[in-house]
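Take a look at the structure below.
Just so it is clear, A, B, C and D label the chains in written order, and each chain counts residues from 1 on its own.
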Amino acid sequence: MTPESPAARKPGRLFFANPGPTNIPDSVLRAMDRPTTDFMSADFIEVYDRAVAGLKRLLFTTGEVFIYTSSGHGAWEATLQNLFSPGDRILMPEAGYFSRVWGAMARALGLEVEMPEADWRRGPDIGAIAERLAADTAHEIKAVCIVHNETSTGVAVPLPEIRAALDAAGHPALLLADTISSFGSIEFRMADWGIDAVVGGSQKGLMLPAGLAFTAVSEKALAAHAQARLTRFYFDWTRMMARRHRSFTGTVPIAPFYGLLESVRLIETEGIEAVWRRHHRLAEATRRAVSVWSGNQGVAFYCADPARRSDSVTAIRMPEGHDGEAVRRIAYDRFNVSLGAGLDPLGGKVFRIGHMGDLNEAMLLGTLGVVEMALRLARVPHARGGVDAAIEYLGAG
Amino acid sequence: MTPESPAARKPGRLFFANPGPTNIPDSVLRAMDRPTTDFMSADFIEVYDRAVAGLKRLLFTTGEVFIYTSSGHGAWEATLQNLFSPGDRILMPEAGYFSRVWGAMARALGLEVEMPEADWRRGPDIGAIAERLAADTAHEIKAVCIVHNETSTGVAVPLPEIRAALDAAGHPALLLADTISSFGSIEFRMADWGIDAVVGGSQKGLMLPAGLAFTAVSEKALAAHAQARLTRFYFDWTRMMARRHRSFTGTVPIAPFYGLLESVRLIETEGIEAVWRRHHRLAEATRRAVSVWSGNQGVAFYCADPARRSDSVTAIRMPEGHDGEAVRRIAYDRFNVSLGAGLDPLGGKVFRIGHMGDLNEAMLLGTLGVVEMALRLARVPHARGGVDAAIEYLGAG
Amino acid sequence: MTPESPAARKPGRLFFANPGPTNIPDSVLRAMDRPTTDFMSADFIEVYDRAVAGLKRLLFTTGEVFIYTSSGHGAWEATLQNLFSPGDRILMPEAGYFSRVWGAMARALGLEVEMPEADWRRGPDIGAIAERLAADTAHEIKAVCIVHNETSTGVAVPLPEIRAALDAAGHPALLLADTISSFGSIEFRMADWGIDAVVGGSQKGLMLPAGLAFTAVSEKALAAHAQARLTRFYFDWTRMMARRHRSFTGTVPIAPFYGLLESVRLIETEGIEAVWRRHHRLAEATRRAVSVWSGNQGVAFYCADPARRSDSVTAIRMPEGHDGEAVRRIAYDRFNVSLGAGLDPLGGKVFRIGHMGDLNEAMLLGTLGVVEMALRLARVPHARGGVDAAIEYLGAG
Amino acid sequence: MTPESPAARKPGRLFFANPGPTNIPDSVLRAMDRPTTDFMSADFIEVYDRAVAGLKRLLFTTGEVFIYTSSGHGAWEATLQNLFSPGDRILMPEAGYFSRVWGAMARALGLEVEMPEADWRRGPDIGAIAERLAADTAHEIKAVCIVHNETSTGVAVPLPEIRAALDAAGHPALLLADTISSFGSIEFRMADWGIDAVVGGSQKGLMLPAGLAFTAVSEKALAAHAQARLTRFYFDWTRMMARRHRSFTGTVPIAPFYGLLESVRLIETEGIEAVWRRHHRLAEATRRAVSVWSGNQGVAFYCADPARRSDSVTAIRMPEGHDGEAVRRIAYDRFNVSLGAGLDPLGGKVFRIGHMGDLNEAMLLGTLGVVEMALRLARVPHARGGVDAAIEYLGAG
């Protein structure tokens, strides 16, 4: 009996084009592949401090960042527990699977949650948010919670416009942003954009395995924390601030910080703005392919607003009567390419191409080539030539 | 600038004799050093199922095991949130740093916590627990919570005696055990011993990095869960049971399960009972050394009850006027051996030798040799010849 | 100063489409990443024996295989030193860079080498070889030495036809084959095809790093060895046969055998014949692309004989006035894809695409996409649509 | 069926105290665990050049270093082939297993070899060498070949005294030194000591896996090379000098150079002279233990000359009627410690403790503790307390 079953053998590398977790560079994996060290030792503390400093640079913040051993869901729970009190009202526009889950979580934790429903294919209606904020003259709304990039739909939201809506209304609500699938891939500037709490994870643009999540907070958010009375212990920021690491409850994992130090090095060697441009360029190549495929009444962009199409994930809508899972299955079983499924209500109705993290042209073209073959083998209507269009775009002088 | 600072260079391997996290076998590290896979893929699900089945075998249970991306503290929070309602009364004898923290956590989460104080050098008074249970004819106590092996003091508690106390009183309270520093090192049999909820982590006897923690539950505990009304989302068992993995909220980490499969293979190849015997044998060798060193009014066992001296960690008490940190510092800075510090009230008053996980005679003798040198260099009173006694014991025909 | 210079950072994976060394599966790399073991220990010997047995199965031989710490050039030197005496005459048709080098080596070692020149674009003329053998009624020719697959030209030779030529002439010469870039990729059957000595290396179809090379020998070759008087020590087979490992002089490296055991497992899980078919299929997809590109007086196949186009490497001829290095440079510098250069007289006149080892459709399409972009960016005449043709072929039901 | 058999499971780390190959630091292993790169790419060439420059610094030479894919035996063959012509006379004092093998090799390659026999327990008689050189007024001796540190006997030779003997005689012979088990462990200064050719390997003081070997040469040796007519191709220096890498014939392995860069970094971070001192200190601790054990007519130093006891390996002589293999077997089978065997005529008569490479006090004390237990379990006469003596020495303020 082997750790990996013989059935698992497919030749060549798995192309991981599932929108998160994402491709981990070999040098990050190697940096994490190391024996145990005392997390209180001076050696580790130096690595830890440098890694966390790098994380802050990438977030464009100088404030506190609380890091947890948890998934992104844990970071959301932490953020809500540490900022609010039972019965507090928050505005959390629902525009996809993940914003819906965060709303359910907030209710379970005892908050009053306003969830204006948005067209999932277009994302939150910022005008409506602005109106709601302007109408809330009593300032009952304690926070606006926005998913920067909805991984389930491939819709990205212009966060500065949310900030502008708050400012226009002179509304003191906190602005919370989920950057789980945007951070490290799509432009994000915490301080400049006036974000009070940023929820992020290790497993996407940071190119690390799943296992760490974090909240970066503004001074204003820290002040709100001091008043927050939701029950908490594991995720409690006050307790964390009393530790040397200013993060975590319990054992501090060491390997991810060696990995983070390396991923920060990789990102900063390339340049964070160059990383964003690369993501845009590869996303645009993907969109060129999808545009071609969408001929002949075939597959289509799920995101109906071209200006909001995400640079880290593209959701592709299946034509009526066709199942996205059939495409995924062929891509995975026959060609060793892992695409993203439609989540929950979108199950079977879309499939998703992740184009985030440690990605380049050859990796993307391989993925797009397999998608084109899988569409054909699954007899899904589409026009041929999508990969050609991507090559045309990427290979332009 | 390198990931590791030049200052970190000490020749040879670090000996990690800090009682948890613990030594990770190379084959476990390599098994975890792998690219991203879809955690919903059939390939991964097969690995996952086999790893979890192995974990259950090692726990000697056939019930549910809920696994979290969290530290052991998270698993404690999960266990309390999922089993109790606000105001529920629990009995949690305080006998060391960790039981004290669990009590504080339970209070923070809204429980009524009875914490009879015990002599930290002896551990909980089981007679007193039996009396308290017998007196609780109204069955107000919903649970007895015991730390099987107090990592901070090196005191192990005979869990079957706690079970017997409950049975003798005919008391229906749940029995919760923290096995974080015993599981995989010291005999533990969940079903036979009638434990209702077992809190454990990845980073000790399982020989994995920190990052996963879990609760194994009995049928009775699951029934209690159905009535429990403490606020929860991230750690909610009901939501977990609805997932394919029957664990986790959010992204399921993949690497630890390849590691777990390998660590289960290593433990079962050796034999879990052989693993326990090995821990006993190496612990006994450590005790032989400490016994010698404790001559000349020198260092002493922190655990005053020889029958309760732990097979996974030994806490060594400093003579008056001597600081355990001085010993640790010499061991680490000069000899690259990482010992455990005294926690909180024991800071400086003890140092600890972890002898758990992937350990053998040569590793232990190297550690004991360095401890003996560090005692001498720190001018701590002790009798010479501790290592010799360990060799005498381990090398007996 | 870091082990890797910052300048080395290109995002995403390097696509290694250089015809050897080749892509190493992660599981092979991890298997090799291990601490030192005594190469005489029973544990290692078991791994070694199983790995070598697997190597023999893949070679379709039951005879001796001598393994060296050396490159493929060393294995050639070993083979010549162990089979011949000063002044022996061998027939070694020159049809590419490597056959030319082997000829020079044989002369340097003191052999009489007949090197009938062949058209490099077509490979050895088997009819001429047959004639020469028939004419050699005195049997002065001690061996016919053939490169199965010329890595420099992408021309593969039908070895059974060489065997038939020897048989037809009733000629007792040994038949030596260089399978360095064919073994593990292209059908090869040592015993059935009557090959007396097979020279191979670790770094191509075996999907291991460079560092090991070997000669597999027939009984007839072993008999010849007994008479061979060329000077030798490091590569001496007689000395090797006296060792437990029946290979090597000096320290036996351990890591490659853990890697070999894993690569044998991977190949046999897929099935060696399935591996050959996969290579054929991916090579054919490459050829479809090249066929399209060769329109418009553009690039062309270097191998002029369609029946001899290699399934492991395709050499692409540049149009007059264009430099293959420009294509390679763009592919590497801009797109992180490593193509093969033209060797020696072919420098700049061809570039080569390796399609061997651990390769799948997505990897190949990524490579071909980049080649198409690089041709365009280098302004090399070609017709567009090569990748499309490859997709058309690979995605056919 | 797994790559490693279940039988292989022994808990804890293997202590590798076999005198070469040696312990490889984890960071070196990780640096080598990487995908294939083009060995002609600028990225690799930069790493290569820096690694080779580091190697030269450690050798204290600025001359050429020729590197081979081979074991140390290959480097010896290379050195002889490139420096001499058939019939050349060399002086190669025989004082152990390895010098005996080099002599046999030189004869097999066609040289006239003078091998004055020395007492293996004392090493070459430098006075006799001086006399022989003085007597050779015709300068028929082309080279004096010395093993700096005989791995088989644990005897180290003062190379400067050999140099002095040549100088005293005004003899122009080349001075060749085998530093395979001394380089990186014991003081060695190529230029200062007037060594003309230095044979070394990767797998000992350089803390790399076996697989690379090298010869560093002086200007005088390069001049001799120009006249050398021994047959060669694979190891030919002239051909190597024509390559970009100035080393190797055939494929250049890439992984070892990433490893070498890291091992040079580790050595230079510690400081090469500090590395030598550490080896001396750990060797001295070993000798303290052996001195104690040698009481009671027990085991003894094989090296009879205290001044020549090696700082990288100690050979321990068994009392009459006792078999060193029994000690080794117990250490390995029962305690997972790998000791060195007696080679050839010394088989069973000695066992050896390697104390070279990436070693520290805890590792050595663990090894010595196991040796003491194994001596006892094998009922080999010895006095107890060896480890205690080592602790006494190493733990002195």
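Note that contacts are C-beta pairs under 8 Å (C-beta built on N, C-alpha and C of every residue); 3 or more make two chains touch, one makes a residue touch a chain.
Heads up on the chains, UniProt names are A, B, C, D = Serine--glyoxylate transaminase.
For clarity, every value in this text was computed on a predicted model and none was experimentally measured.
Peer 1: Work out the mean Cα position per chain and let me know which chain is farthest from chain D.
Peer 2: Looking at centroid distances, A is the chain farthest away.
Peer 1: Is the number of contacting C-beta pairs greater for A-B or for A-C?
Peer 2: Between A-B and A-C, the larger count of C-beta pairs in contact belongs to A-B.
Peer 1: Using mean CA coordinates as chain centres, what's the gap between chain B and chain C in Å?
Peer 2: 54
Peer 1: Between chain A and chain C, what's the gap in Å when you average each chain's C-alpha atoms?
Peer 2: About 44 Å separates the centre of chain A from that of chain C.
Peer 1: Can you give the whole-Å distance between the Cα centres of chain A and chain B?
Peer 2: Inter-chain centre distance comes to 34 Å.
Peer 1: Spell out, as numbers or ranges, the residues of chain C touching 2 or more other chains.
Peer 2: Where chain C meets two or more other chains at a single residue, that happens at 1, 3-4, 13, 23, 26, 30-31, 33-35.
Peer 1: Where on chain C is chain A touching in the complex?
Peer 2: Chain C residues touching chain A: 4, 6, 9-13, 15, 23, 26-27, 266, 269-270, 275, 278, 335-337, 358-367, 369-370, 372-374, 376-377, 384-385, 387-388, 390-391, 394-395, 397.
Peer 1: Once bound in the complex, which stretches of chain D touch chain C?
Peer 2: For this pair, the touching residues of chain D are 1, 3-5, 7-8, 13-14, 16, 18, 20-24, 29-38, 40-41, 43, 46-47, 68-74, 77, 104-105, 108-110, 201, 203, 209-211, 230-234, 236, 248-256, 258, 261-262, 265, 332, 338, 341.
Peer 1: Quick one: in the complex, what on chain A touches chain D?
Peer 2: On the chain A side, the touching residues are 1-3, 26, 30-31, 33-35.
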